[in-house]
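Chain lettering (A, B, C and D) follows the sequence in which the chains are written, and residue indices restart at 1 in each chain.
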Amino acid sequence: MTKEEFQALLDHSVKEARAILPQGKVADYIPELKKAKSDQLGIVLTDLDGNIFASGDTEQAFTMQSIVKVFALIYALETLGEDVVFEKVGMEPSGASFMEMTTLSDFSNKPSNPLINAGALVIASMISQDIDFQQFLDYISGLCASDGLKVNEAVFDSELNHSERNHALSWELKRLHLLTNSLEDTLLFYTRGCAVELTARELSRFAVILANGGFDPLSGEQKVDPDVVKTTLTLLFTCGLYNGTGEFAVRIGLPAKSGVGGGILAAAHQRFGIGAFGPSLDIYGNSIGAIKVLSELSAKYDWHTFAWNK
Amino acid sequence: MTKEEFQALLDHSVKEARAILPQGKVADYIPELKKAKSDQLGIVLTDLDGNIFASGDTEQAFTMQSIVKVFALIYALETLGEDVVFEKVGMEPSGASFMEMTTLSDFSNKPSNPLINAGALVIASMISQDIDFQQFLDYISGLCASDGLKVNEAVFDSELNHSERNHALSWELKRLHLLTNSLEDTLLFYTRGCAVELTARELSRFAVILANGGFDPLSGEQKVDPDVVKTTLTLLFTCGLYNGTGEFAVRIGLPAKSGVGGGILAAAHQRFGIGAFGPSLDIYGNSIGAIKVLSELSAKYDWHTFAWNK
Amino acid sequence: MTKEEFQALLDHSVKEARAILPQGKVADYIPELKKAKSDQLGIVLTDLDGNIFASGDTEQAFTMQSIVKVFALIYALETLGEDVVFEKVGMEPSGASFMEMTTLSDFSNKPSNPLINAGALVIASMISQDIDFQQFLDYISGLCASDGLKVNEAVFDSELNHSERNHALSWELKRLHLLTNSLEDTLLFYTRGCAVELTARELSRFAVILANGGFDPLSGEQKVDPDVVKTTLTLLFTCGLYNGTGEFAVRIGLPAKSGVGGGILAAAHQRFGIGAFGPSLDIYGNSIGAIKVLSELSAKYDWHTFAWNK
Amino acid sequence: MTKEEFQALLDHSVKEARAILPQGKVADYIPELKKAKSDQLGIVLTDLDGNIFASGDTEQAFTMQSIVKVFALIYALETLGEDVVFEKVGMEPSGASFMEMTTLSDFSNKPSNPLINAGALVIASMISQDIDFQQFLDYISGLCASDGLKVNEAVFDSELNHSERNHALSWELKRLHLLTNSLEDTLLFYTRGCAVELTARELSRFAVILANGGFDPLSGEQKVDPDVVKTTLTLLFTCGLYNGTGEFAVRIGLPAKSGVGGGILAAAHQRFGIGAFGPSLDIYGNSIGAIKVLSELSAKYDWHTFAWNK
């Protein structure tokens, strides 16, 4: 298939997926997120040769929300190593049931994994001790090949004002001696990270690094250690989409991470890095339109991790 | 690398792994299982060309225990289809915490997935309505290329006499209208399935079908539908090793299913089908020796599902 | 106040309480119970001198349901003693949340108390080993001064056909070695007990024994040991009305036990034994009309356990 | 029995109870509490005529800890009324399992009752909005007939530095819109209340008010509304001693509240107000010596709420 054919198929798929956007709804648990335009949908795929295929609202900035957990995990694994990281956070699927929230009693000694809020707070605590937020932002920008991602301050403020559960989780983590930095710094670092804005195009650039063993095909640099990528992809596959994780793994079969801002990061291993955006969410809090497009593409091109003949 | 070199490496790995067997212990929750010899360890790998590499106690018969859930799932998916199966059982990791047991309150509407006991009982109920146990045994034998697997009646009796939890689960499933056959038939069918004996060699023969998109390289037959294999491998990857699933996925990275009889089934996708046996178990109820060998082989040959360069 | 005045007040209270009966609804979890007439309401009070005050539908037989747990507890305490009984069942409020059901995971080692289903099954197991059901029925009849209470066989059959949760609980109790008789006998004994029919008048006769330190003022016999009565009243006060227990204790302040058949047993300590019946139930599964009458009487006559000036 | 005989019995009982003090242990979850002398034990009983019987270490000041919840509840009920109070906190036993701690998931809409930490924080939030801490301290002092109770600042500081769980609970309460004052003020108010020091003698003076329908026999004043006392005694009886509540109710049968500082407040309804102190605690966190003495006295004098012949 030619690039043009693939692009045409992609455009067709995005166009068709717009029809189901009204079946989802925009996140409303914080006022600022409600402002998102529910009819937007965009996706960017970058292949291992650096070819880029974009369709829809790919230049619309959105806040990363939970997707920042992936950047934080990678930074922690790269700088601190697996032993240090997994001493304070597990690597098991949690079976948790609502959005990105987990109740305190879901963990006894440590959070189940780094992709639920409790685990992400532990990671945020680790790395905020090491670098300041601007340095982390520069790190993220580097992975996205952006010349400078920014925090959406209005979203950050709104989120901070509605972060009671994260405060509760943090205090419980402190009680369990799982915070290595101050509780306040941990929370600010994490919450600020959730409010970092980027586009589907930028997210795709990071995703291709994950699909490509840590190597950025466009810049020609090894940006992440291959073993860190391997661990990250595994956790995305087993824990990345809240309690829709299992169904996504069975049906679509890609390591992925979603955010309630409407973003989805996915990696078709050794094929494509994918950044998608569509703020209309399904009942699990995942972009309903992006899931639809990913489902079609994965089926058509046998991207499923356990597909035959790939 | 030549076959001889690979065989030598395998022998070396099995030999070394025997040293850690004393760190585990044989399952003791039913009397019959306690009789297993804790110093045994064997592994058989079958590649996609039908080459077989065996080392250790590969002809020792052991009872499948939870591994039967994989055969039952495949039978149900093949004959009833995904829609029927997943109407009564989920596809989400459960985060369950002890052995293969799940408490009733872990599910509200239906069991999390087909690989926890509650889910396996639902599947057993479905298929026991369709065929009698001997037919199911023939089906399993066919997948293992055995001329006739047998039930270990002593283990079956012992297990049936210690199946209070499964009875409790079954009654709760009945209350939720999730049993399609009688409770008694469901329980007998499932419990009998757990007591089917086979060797690592036979298990490996089944495993290569899973690694090979459903095609048996030795008989030249398409034995399982590729889509059923895909779904099965995904569930093995996300739910196959009790609450050691996440760690196994991160560290070793293979779809696998263990049984408290000491067996492990694993599939290195598009590479090898693996049957292993070693009744000395780690704290999660998985064969400690088999895990060690798999860990070494996976690392050395980059079998990890999300390894680069495979 | 004269007896006539009290009777007039009682009649007035019952008449007024009928107005709220439509706000409740008849138990519908088993078909036979649905047949109850939702507009019925009756109450009988027996004082320590043996005076009886009756109003409303006091001769309508109804099945005891959970109220049988009180008779069973008393029998067990009298014949086996506190040490034996409380070795296998606790004495703590459970905080359980729905009807008389408790999920298995609500107890780890033993059921919280003898008034939740799991605890009552343990008690049923103890006493069914000691006597047959007819003997137990004779014992109950004796406490109610009836010449022969009967089991409503239609209710018993219906209930047995909808006893999946109790089967599940029983298997879990068996697993925990808390059943002293066979599971089948335990379940039959308990379920049959729930289907024993009596009238509010008969229930009142038993209640006055509880209000009177075990002494039946009408027959002049000491029917229950005073210490057994003391323990029983305490458990009724702290655990008797499902998850409406706390509110009933605060607002009305009497040791009491309700059944989903619409019966309520209450004891105004050293004052009155009360049997009430009204099948229209509130959201906790307690007779909405009987609660209303008890509430008024308790307030007017300072029956609250911790009222002043009594 | 003469007063002298009763005093002699009391002295004997306290002396004997000292023998079991080594079986308990002093609270150690905050450093300051560890300083308590484990061999101390004292009890003061005040009857409705104002006679005082004291034995042991009755002048040793100790911090109230959870006992302050009783003062706070009474203040809230008196000033805000039952409707306002129970809109934000329940009146059901919680079945909670450890000390005074409750996990967040134990309540969905509101805390079970005002005597678990979560409920007490809700009450503290209500009253701290109304009065400042000194006013509350004056109120407590008034009920204890003290000329000025004081906060043990070292205990307060120590406790504040170990209040992670209470912080977590408070944030969760804030999320559920159950705090009517600021989170910080709520926590400080509650934590400071726990550190108020008093003696068994002072506690007994408050207790007699509870035993006497709100009337202080020594000052001749009606200090608490009788209905508030009634509600309070009920909650003490059903929820006052953590998860030892049920056993205490069955065995000893008095409304009571304990604190991990070693204090116990108990009311023998219409008989005695009791203040006891002994920092050596049993496994439930209740003073092991005080429980022993109360057990003996209650049995000997039939103080049990549901005893006959009182």
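Before moving on, here are some points about what is shown:
In this text, a contact is a pair of C-beta atoms (placed from the backbone, for glycine too) under 8 Å apart; a residue touches a chain by one contact, two chains touch by 3 or more.
Computed from a predicted structure; not experimentally measured.
For the self-contact between subunit C and subunit D, the two sides draw on mostly identical residue numbers; the shared fraction is above half.
Chain copies subunit A and subunit D are related through a rotation whose angle, from the C-alpha fit, is 180° to the nearest 5. Here the spacing of subunit B and subunit C, counted between their Cα centres, is 49 Å.
Annotation: 56 Å between the Cα-based centres of subunit B and subunit D.
Averaged C-alpha coordinates put the centre of subunit C at 32 Å from the centre of subunit D.
Subunit A has no residue in contact with two or more other chains.
Chain contact summary for the complex, subunit C toward subunit B: residues 103-105, 164-165, 167-169, 171-172, 174-175.
Chain contact summary for the complex, subunit B toward subunit A: residues 90-96, 106, 112-113, 212-214, 226, 229-231, 233-235, 237-239, 243, 245-247, 249-250, 253, 255, 269-270, 304-309.
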